[in-house]
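For reference, the structures are reproduced in the following blocks.
One chain, chain A, appears in both complexes that follow, with chain B as partner in the first and chain C in the second.
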Partner chain A sequence: MATTKLGFIVQRPPYKSENPKLALTHAIATQSVEVYLNEGDTVTADIAFIGDGVLNCKKDQKAMDYYGLTSTEQHIKMALLVDINIWVCKEDVEKFGLSEDDLVLDAEEFGADMTVNVVPYGEISKKMEEMNHLLFF
Partner chain B sequence: MGKLTIGCFASLVGSLNLDFAVKLSAAAIEKGHTVDLWLSGNGTMLSIKDQRPFKDYSHLEKPLKELMAKGLTVTACEACAEARGYNKDVTMEGFKRHSMDWYLASTFSADRVLHIGGE
Partner chain C sequence: MKLAVFVSDYRMTVDTLDRLSPEKMGIILVQNGVYHATLKENGTPSSLLNKSAEFYALKEDLETRGLDASKVDSKVKVIAMGDVVDLIFNDYEKTAWI
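And now, the complex of A and B:
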């Protein structure tokens, strides 16, 4: 019985590339990873948004209205719904002149218990040290 | 010997990231390591068969087939491939297609994970 911890670090802004969305969809795929593993073994994913990546967490995204696409915001909410830890770098949020009020922080409407954690970079760095592997998006 | 899991999200043409991933896979297999190569996003372009080798563009079908014969496991994200019209009929022989959880499961037993992002 073992757990492999993956840290997904998202540094790129939304919609300029597919990377942030792929980070989220891959992280959400931890929900079904056990079909490939022995009983008791699992893989977990924590996601950290840093640098330009914090822009992915802006709330009220209109990707569905303008492009007919699921927004990155919706994917973040789905990640919360499946109990994935999400960390957002507080300093980088502030650098963009944003505050927690501008960010998607929960997915209450879906019944998610988890919330987004806006924390100093030092805390994210400490969390990432707990991971077995880091994947940069 | 160890196991290396490589995830690559870059397209076949446009950067040399896939070339690097395939060359690294070859070096690892040459040393006796096990390699899982996962392709997602634009990286699924590598799965298309009958790539015509031009000198101006990366063409990896031949080295990839040689590596698969030596034991390299190459898997494309099925949803990413289908979204691009890369369906099973145009997929190179020996190429596997799975959902994203396959990649995560591969990391479970990997000694090292090298994730190479997209464009």
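And now, the complex of A and C:
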């Protein structure tokens, strides 16, 4: 019996490439991977947004209105709904002149209990050390 | 030459834009290029906005990213896709995408 901890680190801004959404969809997919594991084994996924990646967390994205795309904001909310830990680098948010008020912080409308954690990079760094595997997007 | 340059990235890895010197240049910020119009890293607007050019940002791409079209830099005019077409046909002779 073992738990494998996966850390998804998102460093790129949204939409120009698929990378940030792939991080989110892969992390969400870990919820259904248990059918392939030995009994008792589990996989957990945490997501951290750092650098330009924090721009993924900007709220009020209208990708569906203009391009018929599920927004990155919606993917973040889906991740919260399936109880994935999400960390956002506080220093990088502030570097862009943004505040927590500018970010998607919860998915209450979907009934999610989890919330986005805006924390100093040092805290994210500690979380990264706890992971078995880090995947950079 | 009147040149319209589409800028679609926030992090520029080439200096092509610095080497262009048309008699008239329009910089149209699209896709992730729209971050140049709104973000102030460490309180400083994008250096791209210091260039001698007319600046435009595509409203659809601003709002797709959750950026408020009313809060773009004062140098930048927010335009819709139809306006981009008008610029290409009426104001500029050539276009480039970087």
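By our rule, the second predicted complex is superposed on the first by the 137 of 137 C-alpha atoms of A that agree within 3 Å, B and C clash if a C-alpha of one lies under 4 Å from a C-alpha of the other, contacts with A are read in each partner's own complex, and residues count from 1 in each chain.
What we mean here is this: a contact is a pair of C-beta atoms (placed from the backbone, for glycine too) under 8 Å apart; a residue touches a chain by one contact, two chains touch by 3 or more.
In this text, all values refer to a predicted model and were calculated from it rather than measured experimentally.
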| item | value |
| --- | --- |
| Superposed partners chain B and chain C on chain A - clash or fit | fit |
| Which of chain B and chain C A:20 touches, first, second, both or neither | neither |
| Partner chain in contact with A:135 - chain B first, chain C second, else both or neither | first |
| Which superposed partner A:29 touches (first chain B, second chain C, both, neither) | first |
| Chain C, chain A and chain B - angle at the middle CA centre, rounded to the nearest 10 degrees | 90 |
| First (chain B), second (chain C), both or neither touched by A:7 | neither |
| Partner chain(s) touched by A:53 [first = chain B, second = chain C, both, neither] | neither |
| Smallest distance from any CA atom of chain C to any CA atom of chain B, in Å, after fitting | 13 |
| Interface residues of chain A shared between complexes with chain B and chain C | none |
| Contacting residues of chain B [partner chain A, same complex] | 7, 9, 40-42, 99-105, 107-108, 110, 112-113, 115, 117-119 |
| Touching residues on chain C, where the partner in the complex is chain A | 8-11, 31-32, 35, 39-43, 60-61, 63-67 |
| Touch list for chain A against partner chain C, complex | 13-16, 52, 55, 58-63, 65-67, 69, 71, 73, 95-97, 102 |
| Residues of chain A touching chain B in the complex | 2, 4, 6, 12, 17-19, 22, 25-26, 29-33, 35-37, 41, 43, 45, 132-137 |
